[in-house]
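Taking it in order: structure first as structure tokens, then the write-up.
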Amino acid sequence: MRLLVANPNTTQGVTDRIARVARAACAPGTEIVAVTAGFGAEYIATRAEAVLGAHATLDLLANHAQGCDAAVVAAFADPGLGAARELLSIPVVGMAEASMLTACMLGRRFAILTFAVALEPWYQECVEYNGLAGRCAGIFCLDEPFQAITSVAEEKAQRLVALAGRAIAAGADVIILGGAPLAGLAFDLAEQVAVPMVDAVAAAVRQAETLAALRPRKPVAGTFRRPGPKSITGISPALAGLFKG
Amino acid sequence: MRLLVANPNTTQGVTDRIARVARAACAPGTEIVAVTAGFGAEYIATRAEAVLGAHATLDLLANHAQGCDAAVVAAFADPGLGAARELLSIPVVGMAEASMLTACMLGRRFAILTFAVALEPWYQECVEYNGLAGRCAGIFCLDEPFQAITSVAEEKAQRLVALAGRAIAAGADVIILGGAPLAGLAFDLAEQVAVPMVDAVAAAVRQAETLAALRPRKPVAGTFRRPGPKSITGISPALAGLFKG
Amino acid sequence: MRLLVANPNTTQGVTDRIARVARAACAPGTEIVAVTAGFGAEYIATRAEAVLGAHATLDLLANHAQGCDAAVVAAFADPGLGAARELLSIPVVGMAEASMLTACMLGRRFAILTFAVALEPWYQECVEYNGLAGRCAGIFCLDEPFQAITSVAEEKAQRLVALAGRAIAAGADVIILGGAPLAGLAFDLAEQVAVPMVDAVAAAVRQAETLAALRPRKPVAGTFRRPGPKSITGISPALAGLFKG
Amino acid sequence: MRLLVANPNTTQGVTDRIARVARAACAPGTEIVAVTAGFGAEYIATRAEAVLGAHATLDLLANHAQGCDAAVVAAFADPGLGAARELLSIPVVGMAEASMLTACMLGRRFAILTFAVALEPWYQECVEYNGLAGRCAGIFCLDEPFQAITSVAEEKAQRLVALAGRAIAAGADVIILGGAPLAGLAFDLAEQVAVPMVDAVAAAVRQAETLAALRPRKPVAGTFRRPGPKSITGISPALAGLFKG
Amino acid sequence: MRLLVANPNTTQGVTDRIARVARAACAPGTEIVAVTAGFGAEYIATRAEAVLGAHATLDLLANHAQGCDAAVVAAFADPGLGAARELLSIPVVGMAEASMLTACMLGRRFAILTFAVALEPWYQECVEYNGLAGRCAGIFCLDEPFQAITSVAEEKAQRLVALAGRAIAAGADVIILGGAPLAGLAFDLAEQVAVPMVDAVAAAVRQAETLAALRPRKPVAGTFRRPGPKSITGISPALAGLFKG
Amino acid sequence: MRLLVANPNTTQGVTDRIARVARAACAPGTEIVAVTAGFGAEYIATRAEAVLGAHATLDLLANHAQGCDAAVVAAFADPGLGAARELLSIPVVGMAEASMLTACMLGRRFAILTFAVALEPWYQECVEYNGLAGRCAGIFCLDEPFQAITSVAEEKAQRLVALAGRAIAAGADVIILGGAPLAGLAFDLAEQVAVPMVDAVAAAVRQAETLAALRPRKPVAGTFRRPGPKSITGISPALAGLFKG
């Protein structure tokens, strides 16, 4: 199986981290194709940056989905996910979506932990969009500067363990570490936290494999059927081609 | 007062219609500046097209908001609205948001009527995003082809009157005509429908004026404070400038 | 335009304050007609007092709406609003409703601040009645005596600024100052609070103007059509006349 | 035990019917004191009439609660119920509230049936106010004229049996006959309907007895503590006295 | 009237306490038949123990309901209640259900207090199952060991009074003491708590009497009609007989 | 990997079908251990039968989970799932849960289709328990007798295709075929239905593999920690052992 992992952030170092975790987490025989956004923010943290990220996600999928069995939108909060699901014929999953749904099988309420308060509103809207507010014990954010987006995971590991304790006290049965820059950390910290942790990249990769294995048909009805033909201008040829079908 | 009306669709004829209705509906002394998306879909109907529309909205605001007192995102379902509210210092309202909130002051439940079933999923997500599903009696769509997006309002007027009757029977106290191509029609049909109708462009223009008149400060806290500085690449200079603040 | 501003409280001094703020906030050319309840509580704070206030609201509208283009129920939590909307042919808005809906265009979640804990249950029921609990970050009340209802705004101004800080920390993007006795204070304190503030009287006046400008028809269907004829006894002749239509 | 049954409608014939059903349904030894509103509508059907009914309810309780162990607000949708609960020291229940909560112990979802579509919006708001929309399969109304409010029960009995069938098909496990003019009918029709029926007067009387038997204290905290002292003018001496405590 | 009170816990001492409170709380002339689970947990605190308790409830009802007018499932959170309601022809109520619905007539939001944190998840699911999360101000649990399940009420009485104060500060209008081992305590502590308290056994007994008095028919439609005939094996003869009808 | 698939129904033929589909759907190298309930109903359709099924599930897990990496509760609506998750150290998933969460990654709203109306209430409660009512377009049931539970899938295949059409018209983006007796049918009918279909056994098997691959720790905090030690009597030695830990 061949999985496209599309990072809507422009930082190659984050893509490298994602790819490493994806390769460690995937099933034997799965090939990971990891690509980085060609435009937008170094890392997406706000609604405004997510608008660019959604466009970048579609661009990446248009350029690289060919020959893949499924795709992962590799930014937590899943910019462009619904749009991608309309346009593509292969399954597409988001890191936030996949980790929240996986967490629902491990506990009654999950908490999302991340490294910067700036991410909270966007994550909150993502929880609500997925209709999972009733399963969410809260979004818990560190509120302090960090040195570099590519090493924030290691820098803040112990602070996140402490934050997990607060989330558990607030009712969380499961902890999701949100944000692609934290990929892999859930495995490293598993022994230090009293409830199961979900690594968002690993969950997304496994869920993408699951969807591909179930071989769902591309809908020709319902809200994820392909958009009808329409005049689209001013975008990359690859993406324009994707709209043409 | 100077209002920017940004059409995220690329069809100039729709912008012309919006501008005409906006000028008829605004308060004396308000100047309407109407602009058309530089890229994207001729008219937005799906999540995928809305991703492009959101980017186009930000681009339009970056290029034209200077000197305006408020702005209107002139596509029903409001692509890029939250992002615009983060980035701009002037109030920004969306056509869907403004018409739904206005409708809430005219009745207990509103219905949204539009001319194509393709629009339904995107509108539905917009209602839910605004937390107004409990105030919505349904989204009612015509399910038949139309001749041209610039004349669909006149072509389908009587079909929409009949559809309004169905919406009222389903519990609607107020009818919103959704979709920029229907701008102005609510006034023309008012006598033929048994409950109040809301014209989405007129509502958005009046609400933008209201917000401007109330002179709200740009937040420096909360979820609509400006995003912090970040490296953003590959977008238009004007929009990049908007991200810089 | 001529706006009736009906204060369901019996304190003339509160009406005077409301009228002053309404005149400062309205559009050029709008005339404000401010009237005071003929019976009921000096200021409404509980469900029991609101029952009297709702009746007083209808009485005021019956006596004074003639010749007006729209009306405002000028007590936060809007006693009698739905009833007024059934009986009258002109638009009627409530202070709570108008300020909450306005706040929804300025942020994701609003908080309501007021000067007495006694008001909290009634306000909470009003938020829920409007279906806006999901948009409300909380109702925050001072819990301490005040000297006089006509000067509580000035007396508690700085305490409310501090309370706004707590509301923002709890997730509020916008602050509504609730309660007619606080009319005008949102403008005075705007610079001291980190998010936009909404003055409830100003919002209600502007929204009443907006509705009047949109010229909605009086419904003859739906839940706000006029009640059918019925024998009504024991109330003021003016109000009895309003029920006769 | 002595139960006050307060009819906020002004029709004595409806009070007579309510009293007859109450006396048949109460426990041995319970005395029913049934009283009729001194002002307001012959029967309440809309929000506007309910405003008068709420005031009338308080007036009745102020004049007649003395010496009673509990009180019933005997109009479906419970005008003035929350206010009464603040002011009185004895338990007060409403017909709608009592029958809905009783129905919750007989099935998963209840339906409310009544004899006139005019009642639907007010009933719907009552269901929502009680937080029971998730337990309600719908409000089903006959849509046809009736001859007299005092004999509508007998006139429409068989039409209501047919309507019950529709409600069951829509998911109702229990049928509530709403509206004081239908008092008693649920017992008469029990054999003709495939699910349990709840008579709203009988349920209210039994629930009032239950509350009285449990001897709950009058709260001195929480949202149903008595309102603090305040200047109240222009109302009946008895009701003014109730506000004084 | 003859009421079956079925304790799904295996501790006879808890049944004795329940029976004592039930006999003190029931109407004159009601006979209480109290029985104890033949298998399962000494007291149910978790989902796993509740699975056994649900089976034990059905077994008790199968063996003892004959000749009774109504039945009470006497463990808070009501194991097996829905199943019992399908199988039996007499009304069945649960302690949690009855006390929550009773509390809804005494206040806007209730809190549930209990003696062990282990009970919280199960109680929380019960509140949600009943669709009453919007009426619940929280579940408050003591977090400390106790000496014996049969005397935990007396041991923790004053700790529960303090906990009630916290619940009231968090918005509770009414306090429910949850857990059969606390039966009777609400009456003893009534004077020490500022809002009404509901004893869950007393409420369940009175509600069972109320349902019996209303004489609801056994449904032959809806979701509580009897299950159709089916091959059931490996259970007690009495329970197998109940499935046979 | 070794997966326990526990059928809480007592019909071996259904277990055989489940096992066949599970083996076709699992990843290479996964071993399926399929076991059948030792007591209870031939197939579970109601709340009462599910009480027995929950107990039977725990019994099966107690006897067979040893040496397995994860377990599946193989009856749609997942009897005993939460309890199993408390007691076991390996991941446990339910057919309903797994298929609904999987469906959420394929569309906005799913519909559940099944072969008998008797199943609807239990399925509905399962959807609500999972907090997914907002993602569910409805439960659609055939309403007609069938010949045998082991061949109902083949017998009703074309009726279910027609029913899927109705579900799609009602807003479903994805179709779940619910009920273990329908296992495998989703794959056979995929070409005949316009949206993706989810086979509940296949989804559960793949999700169980996913959870096992993620290696979540057994919680020692939160609501799925193991119950504390307690006296449990009257159940099978294996299950008693599971409670002892």
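Labels A, B, C, D, E and F are assigned to the chains in the order they are written; within every chain, residues are numbered from 1.
Everything below uses one rule, namely that contacts are C-beta pairs under 8 Å (C-beta built on N, C-alpha and C of every residue); 3 or more make two chains touch, one makes a residue touch a chain.
Computed from a predicted model, the values in this text were never measured in an experiment.
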Contact distance in steps, from subunit A to subunit F: 1
Selected from B-C, A-F or A-B, interface repeating E-F by over half of its contact pairs: A-B
Most distant chain from subunit C by Cα centroid: F
Which of D-E and A-B has more C-beta contact pairs: D-E
Between subunit D and subunit C, distance of the C-alpha-averaged centres to the nearest whole Å: 29
Separation of subunit C from subunit F, taking each centre as the mean of its C-alpha atoms, in whole Å: 52
Distance from subunit F to subunit D - Cα centre to Cα centre, in angstrom: 44
Sites on subunit E at which at least two other chains make contact: 82, 108, 121, 125, 223
Residues of subunit A that touch subunit B when the two form their complex: 10, 38-43, 45-52, 54-55, 58, 80, 82-87, 118, 120-121, 125, 128-129, 223, 227-228, 230-235, 243
Touching residues (chain side subunit B, partner subunit C) in the complex: 25, 27, 82, 91, 93, 97-98, 101-102, 104-109, 130-132, 134-135, 168, 171-174, 187, 190-191, 193-199, 202-203, 206-207, 209-211, 213-224
